[in-house]
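Naming follows writing order (A, B and C), and every chain is counted from residue 1.
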Amino acid sequence: MKATLQRLALPALGFASLLLVWEIAGRIAGPALFAPPSSVAVDYVGLLRQGDMLRELSSSLRQMAVGFIAACVVGMPLGAVMGRSAVADAIFRPWVSMFVVTSTAALIPLFILFLGTGLMLRVTIVFLASVWYITLTTYNGARGISPQQIAVARSFSASPLQIFWKVTLPALYPYLLTGARIGIVHAIRAMVLAEMFVIIGYGALMHRSGLSLDTGQLLGLLITLMLVSLFFNWLLGATGRWLAPWYDQQRVTA
Amino acid sequence: MISKPDPSTAGLSLGGDAAVAGGLPARGDSILSRAVRDKRLLSIASVLFVIALWQWGAGHVSGFLLPPPAEVLSRFLDPKWLSRLLGALGQSLIQLGLGFGLTLLIAVPLGVLIGRSVILTRMFEPVINAIYAIPPVAFIPFLIVWFGLFLEARVALVFLMSVFDVLVIVIAGARDVRSALVDVGRSFGASHQQRLRLIVLPALLPFFFAALRVGSARAINGMITAELFFAAVNLGAIMKRATQNFDSATVLSVVLLICVLGLIAQSGIAWLERRVLHWHVRSA
Amino acid sequence: MSTASAESMPAPHRLEAAAKLEARRITKFYQRDGSKLPVLEDFSLSVAELEFLVLLGPSGCGKSTLLRIIDGIEPCDAGQIILDGKDVTGTTGAGRGMVFQGFELFPWRTVMGNVAFGLEVAGIGSKERLEVAREYVNLVGLNGFANSYPHELSGGMQQRVGIARALAINPTILLMDEPYGALDVQTRELLQDELLNIWEKQRKTVIFVTHSIEEALYLADRIVVMSPRPGRIERVIEVPFARPRRDELKSTPQFLDLRRDIWQTLKKGAHV
C-alpha cells in the first residue's frame, strides 16, 4: 500500500503543478482565452448534463470504429504477408511508404471530391490514416519471428497450418496489439481532423465552442478526447498483457 | 597471439535473412522470374500496374471524379503552374522550418533534462503522455483564439503537432542510456558535464534521429493542416480553390507533391543518419 | 570465519613496503522490500605494492561490489578506502583504472577514441592524448585496428581495448572486474597470457575479480577466497608458483592439487 502511494506521489505532484500553472494562467487570461481548471470543471458538468457531447462522441466513435476495424482487417494480414514474403514486400512496399508520409490532412480535400462529405469520407480517412501504421508494425513483427522457433515446430512434424496458429500468430500478438494501439491514436486524430474540416459531429462542437470563444467548453471537449484516447490505449495494453503475458510489450517499437 | 577479427554479426538487421522468399523457383531467365529475383523491378511493376489500372478507371468515370494520370502529369509539366506550385511550397516550408526548428530547440534539451532525472521523469511523464493523447488538431480552435489565422498560428500548429513526439522519444532515449556506460565515465573521474557531453549525448544520437524522422513527418502534417484550417494560403489555398472548382487533377497533384516532400525528408534524414551513426548497431 | 585483515598471514612473496591500498571495515547493504541485506560487513583487506591480488568467490559474494566501492563508482555504507595513504572513499578517478566485465566501450568512438577517453576527461591535450593512446593500442596488440569501431571487433579484442583504456591513464592500481567472464575459454586463456605479458612489462598493483579457480591460481600472487552473504574472507592463499608463468603450469599436479583444495573451500562456503 505504501509502495503504491509512493509510486503515485511524484506523478500526482506533476499533475498538481500543471493544474496550478493552468489555474494561474487561466485567471489572468480570462475565459475567452484560456479558462482555468476551476471553471472548466464547472462547464464540464454542464457538458455532461446537456448530452450533446456524449451523443456526438459516441456517434463519432462508432464511425471511427468502422474505419479502424477495416484498417486492422486489412493491415494486419497485409503486414504479416509482407513480413514473411519478399515478393509481397516488394509489391506493396512502395504504396505503404508513399501513403505513410502523406499527410492525412492533404487527403481530405481529395477524398471530399471523390466521396462527398458523408459517412464514407470519414470512414475512408480514418482507414487511410491508421492502416499503414498497423501494417508496418505487423510487418516488423512478422519479420522478427525467429526461424529457430519455426524449425523447432517443424522438427515436431507440425503442419504449415499448425505452425501458423501455434508459432507465428502467438509471436505476432504483441505486435498486433502495439499496431492497434498506434493505429487507434491515428484513427482518433483522423476522425477529429475530418470532422473539423467538414464541421460535423464532435468536431463541429469544438469548432462552435471556438467560434463563440467559450474556451471552458472547448477545454472540456478536449479533455474528453484525452480520456477516450487514454482509455483505448489502456484497454489495448491490458488486452495485450492478458493475451501474451510472456512478452515485454515495451520492447516492441514501431 | 592476436585473435582473428570476427566482425560482429549484430550489425545485420533481421531484414532479408528472416524474410522467407516468395516460394517461386527460379525458372530459367524469363522476365517474370528475373523480376521476382530483383525485387526492385517488382516494386516498379506494382506502381506501373496501379497507374495502368488508374488510367483504365479514369476512362470509365467522370473526369471530375477521377482524373486520368496523364492530366495530373500535365499539371507538373506546365511551367507556369509548376512555378506557382513550387513558390507556394517554398512559402509553406518557411512555417515548417520555423515550427519544427522551435520544436527541436525546446523538446531536445527539455527531453534530456527530464530523461536524466528520475524524479522529473516520474513527475512529468504521465502528464506529457496525457497531453499527447489529445489529437493536436483539436487545439486548432485554441490556436485561432490565441494567435489568429495567419503565420503565428500556423507555426504554432506545426510546433504543437511535432513537439510531443520528439519530447517523448528524447526522454526515452535519455533514460535509456546504459548506466554501465555512465559508470565507465564516473570510473575515469568524469564530471557531470563531461558525462553529459561525452557519454549521454552521443548515446542519445540514435534516438535523436528517430525523433527527427517521426517529428518531421508530423511537422509536415502540421504544415499542410495549418494551411487548410486557418486562413488558406500557399498549398492549402491551391487545394481549397481546386476543391471548390471540382478540379481533382490539381488537388491530386498537390497531394503527390506533399507525398514527394515527405519521401525526400525521410530519405534525407536516413542519409544523414547513415553518415552520423555509422557506428550504430541496430539491435532486433 | 575470521574477518581479520589478511596481513596476519605469513608472506614469503610479499614486498616489505606499506600497503598500497587498504579497504577498512567496508560495510554495504542492499535494500530490498524494506529489509536490508548485508553484502559486505566490516570487510577489511590490504593490497601490497605491485601485488597481483585475486578476489575469488561465487556469484553474490560481494567481490564485484567491493571492487566498485574501491573504484568509487558505488558508495559504501561504512568504511574507508585508503590508497597510497590517502582516503579516496567515494571519489572516482584518482589513481584507479577499471576494466569492466561487459567491456563497456563507447560504440561511437573508435578504438583510439576509447583508449584516449580517460585522458580526455583529465583534460590532456589532443596531440598528447593520441600519442599515449597509440602507445597503449600497440601494447595490447591492436595496431591494425586503431580506427575500427567496437562493433567491428570480437569480444576478445574489445576487452583488450578496455584494458588499454584503463592503462592509458597510468593508474596507481588496476581494478579488473571479471574481465574475461564474457568470453569463450580459448580467448580467455589467450588474454590471460597477454595480461601476464603486459603486467611483466608494465608492473602495476592489480586487484582482479573472478569466479574461476584456475584463472585465480594462474594469475595471482595472492588469492583472497570470499564467501557470500555477507561477503567475508574465507581463506587467503599465497600462490607458490614462480614467474613468469606458462600455460603448462595448469596441468601440473601441484596446480591441480591446489585447485582441488580451493574448490573444497568454495564448496563449503557457497550456497547454491
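Going forward, a contact is a pair of C-beta atoms (placed from the backbone, for glycine too) under 8 Å apart; a residue touches a chain by one contact, two chains touch by 3 or more.
Just so it is clear, the structure is predicted and the values come from calculations on it, not from any experiment.
Chemist: Over the chains that touch one another, what is the least number of steps taking subunit A to subunit C?
Modeler: Counted as steps through touching chains, the separation is 2.
Chemist: With centres defined from CA atoms, tell me which chain sits nearest the overall protein centre.
Modeler: Central by C-alpha mean position: chain B.
Chemist: From subunit A, which chain is the farthest off, judged by mean CA positions?
Modeler: C
Chemist: So the centre of each chain is just the mean of its C-alpha atoms; given that, what is the distance between subunit A and subunit C in Å?
Modeler: 52
Chemist: Quick check: how many Å separate the C-alpha centres of subunit A and subunit B?
Modeler: So the centre of subunit A lies 18 Å away from the centre of subunit B.
Chemist: Which integer distance in Å separates the CA centroid of subunit B from that of subunit C?
Modeler: Roughly 48 Å, centre to centre.
Chemist: By residue number and range, which residues of subunit B touch two or more other chains?
Modeler: Subunit B, residues with two or more chain partners: not present.
Chemist: Which part of subunit C faces subunit B closely enough to touch in the complex?
Modeler: Residues in contact with subunit B: 71-73, 92-94, 96-98, 100, 102, 104, 106-109, 117-118, 120-122, 141-142, 145, 149-154, 156-157, 169, 187, 190, 193-194.
Chemist: Which bits of subunit B are touching subunit C when the two form their complex?
Modeler: 1-8, 10-11, 178, 180-181, 183-190, 194, 198-199, 202-203, 205, 278-281
Chemist: For the complex, which residues does subunit A have touching subunit B?
Modeler: Those residues of subunit A that touch subunit B are 10-11, 13-15, 17-18, 32-34, 83-95, 97-110, 112-114, 143-147, 185, 188-189, 192-193, 196-197, 206-207, 209-211, 213, 215, 218, 221-222, 225-226, 229-230, 233.
Chemist: Inside the complex, what are the residues of subunit B that reach subunit A?
Modeler: Residues of subunit B touching subunit A: 14-16, 18-24, 36, 39-40, 42-47, 50, 64-66, 119, 122-127, 129-131, 133-142, 144-146, 217, 220-221, 223-225, 228-229, 239-240, 242-243, 246, 248, 251-252, 254-255, 258-259, 262-263, 265-266, 284.
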